[in-house]
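Chain lettering (A, B and C) follows the sequence in which the chains are written, and residue indices restart at 1 in each chain.
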Amino acid sequence: MFEMMQRIRELSVQSLVYLAALLVSAIFIWILSDLVRGGIAHLSWEFLTESPRDAGRAGGIASILVSTILILLVALVTAIPLAWATAVLLAEFIPITSLFGKVVRFSLYVLAGVPSIVFGLFGNAFFSIYLGLGFSILSGGLTLACMLLPILTATAEAGLRAVPDNYRLSSAALGMTRTAALIHLIVPAAAPALVAGLLIGIGRALAETAALLFTSGYVDRMPGSLLDSGRALALHIFDLSMNVPGGDAPAFAAALILVSLLLCINILAMKLAYDLQRRKMMI
Amino acid sequence: MRNHGQISLIIAGLLWLLAGAVDAASQRLILTGSSTVAPLVGEMARRFESQFPGVRIDVQTGGSSRGINDVRKGIADIGMVSRQLKQNENDLYAFTIALDGISLIVHADSPIVSLSKTQIADMFTGQITHWSVVGGTDARITVVNKAEGRSTLELLLDYLELKNSEIKPHIIIGDNAQGIKTVAGNRNAIGYLSIGAAEYEVKRGAPIRLLALDGVQASVKNIHNGSFPLSRPLNLVTASEPQGLIRQFIAFAQSSQVHDLIKSQYFVPVDAD
Amino acid sequence: MQTDRLLVGFLRVGAMVSALVMLLILLFLLLESWPVLSQLSLLRFVVDTSWHPLEGAYNLMPMLSGTLLASLGALLLAIPLGIASALFIVFFAPSYVASLYRRFIELFAGIPSVVFGFWGLTTLVPLIGEWQPPGASLLAGVTVLTLMVLPMVALTAYTALAAVPEELFRNAAALGLSRWGMVRGVALPAARTGIIAGIILAAARALGETMAVLMVAGNVVQYPESVFDPIRTLAANIALEMAYAMGDHRAALFVSGLLLMALVMVLSGMAGLVEKQSHV
């Protein structure tokens, strides 16, 4: 009798878990197939190489892609030096118990939790108005840079800490300065982790909409300079779907491109992370 | 302060790095404001740019209040405002470029063609909740309202003699186009927007219908002759007496060179009496 | 040695700037919301009739309740589904199905919120609208949020479950525990802190999410009477009105930004505490 009960319970739990997994897969496949079905017909080479016309109903997304890349570049060029400098300092030069290190780490931990719309508010108040950059690619990129700081720092610090200590000891024994050891040994050893973190950051930046609404603006034309407003791809999808009657087809196509782009970046990042793990096991 | 300096330094570095892409020296105009005026001014800007190479004009939407706000703060050179300036805004200079009306819209499948002012007021305040009361099907009305700060909303409230807090909306939207999209996607919705924007979308196949107001058709003709009760000027505003390029552009927008653009967007040119 | 000192100085400046960003954000949020914070009593954000900033009514509570309801609803759905997904990967599925399913979830963790919002707008909202108009509703918001936080719950729960020492399972098996007995008696208790930390982070994400909710929730400021009523969240409010807000209205939006940040900071603080506990 008891055994019966247990078997039934075992079976019902198992079927519930399978059902949950099936449900989740079904919904996600539903979303993906909706995206593909809605967007595939609108995709073409011209869609990638032409600028949007008629509020995005016609033409393509060339200017949007250019703006997106420029915003991303500004964000990375600003965030990488700061983040990696912070990570190197935290991982290599100051003890884990140091007060300065704790303050920096805590500050970045809090920063990581800030909602993206709050970054948007801040970017608008600080970069667009206080620094006078207006609605521009520069404002948007710098706002994103603030957002990327915690991710880039955390991944880089973890990567540097994972480098075995005998690298440091042997370089010291050879009489290398710590700077030289860092440049020639430690950073190269941690490079895959740095790149994986970078890819995660890029993925986050590409997906971002709310932080760019009031910083990089809405203009869908080819940007002529970094002080021009430029519309990012995620924002373009938002605008087409919310504000453009008849904008669904190009929005589907743009979403399809964004998702495929993120998919490639994710796969690359995952591959790096797995390789890293395997290598660590070999050491 | 050190932080500020650091950031300026980074910016300077960036500018230098991408110097090829940066040529802020060329002449630029930034216009922000009303989503009703923006498409029209966008077309004007394109024509202006083709006549004056080397000029770049960026047009961004966000609502009339933003136009005023940005001009005051110096973020924009010219603001676009789809209403008359208010008492507390007479520090600004306004230049009317066209006239427009506001129309109630429903889905094209709806049997309704005309509503009275009281019917509309009752719908928007939640006293009429079903279309059957005004001669439609027995379906619940979805009231589409605009977000606070939009001049279209302010004008409608003025006309209905209501406050926004009395309105019981079901969906809140931002731009004109979002209103069209929402109503086109919902058979039982009622919304309101610029006649120019609505006509333009109807001609391009959006399934919406402009309702007559107290029996007066919402049309360009009736705005022109003043019989349509809900009409308004479309203005360009500046913070100071316009000079140079700004003056040049405003003069261009008020000239007869752009009347075809105004008409093609279903607005009414000012001096076409 | 000289180069070392130079480098460290350089790095310190970088770290200082990184740390100051957070301070700068807080400073500017306070600065921008000061006009309202200094003039109005905080009570106004609680007792005013509703949110009509142009009529001088600044009640944030309907939007706070909308935010909390949407997040709570999403968590209620995402927690069981997420944990079941993690259990599926670790204990129930054959290994190749498990790794495939995990990749699948990882893929969905990276999909931008605007895409979920767009899907909700074109598929979900009309679907709900057919059944219970107007369609744009709390329910639509909850569903979209669920899809967004589910991968997060599932992946953190998976990580926590996978980190449970093999030894514990061997002991449990030796005791003759059934699979469910093992999951309930050994795996879940051992992975508890990790799972809870993941849930708290998911909650923070749900509270702060903007675009997806903005697109599907209808954005009417009200206390919903049913799940089919539209709501507006704090984050959506900022995105919707920030573009043209001026003066006190703008300042009030920064106040709602502060409120939102306070909520999220409390949550991530909690997550930090939970994680710290698990290390002790």
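Everything below uses one rule, namely that a contact is a pair of C-beta atoms (placed from the backbone, for glycine too) under 8 Å apart; a residue touches a chain by one contact, two chains touch by 3 or more.
Since the structure is predicted, the reported quantities are computational estimates derived from the model, not experimental observations.
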Check: How many steps does it take, at the fewest, to get from subunit A to subunit B if each step moves to a chain that touches the one before?
Finding: 1
Check: Given the two chain pairs B-C and A-C, which is bridged by the higher number of C-beta pairs in contact?
Finding: A-C
Next item on the list: Between subunit B and subunit C, tell me the centre distance in angstrom, where each centre is the average of that chain's C-alpha atoms.
Entry: 34
Margin query: How many angstrom lie between the centres of subunit A and subunit C, each centre taken as the mean Cα position?
Written below: 17
Item checked: Two or more partner chains touched - positions in subunit B -> 61, 174
Item checked: Set of subunit C residues in contact with two or more other chains -> 13, 16-17, 20, 24, 243
Checklist line | Where subunit A touches two or more other chains, by residue | finding: 242
Item checked: subunit C residues touching subunit B - in the complex, by the definition given at the top -> 13, 16-17, 20, 24, 49-50, 52-55, 57, 126, 129, 133-136, 218-221, 230, 232, 240-241, 243-246, 249
Note to self: Per the contact definition, I'd like the list of subunit A residues that touch subunit B in the complex.
What the structure shows: 55, 70, 73-74, 77-78, 128-129, 131, 133-135, 138, 142, 217-219, 221, 223-229, 242-247
Notebook entry, point to check: Tell me, which parts of subunit C touch subunit A in their complex?
Noted result: 1, 3-4, 7-8, 10-25, 28-29, 31-32, 80-81, 84-85, 87-88, 92-93, 101, 103-108, 110-119, 121-123, 147, 150, 154, 178-180, 183, 204, 207-211, 215, 235, 238-239, 242-243, 253-254, 257, 260-261, 264-265, 267-268, 272
Note to self: Using the touch definition from the top, list the residues of subunit B that touch subunit A in their complex.
What the structure shows: 7-8, 10-11, 14-15, 17-18, 21-24, 26, 30, 32, 39, 56, 58-61, 73, 75, 174-175, 177-178, 180-181, 184, 201, 204-206
Note to self: Which stretch or stretches of subunit B touch subunit C in the complex?
What the structure shows: 2-3, 6, 61-66, 68-69, 139-140, 142, 147-150, 163-165, 169-174, 185-186, 188-189
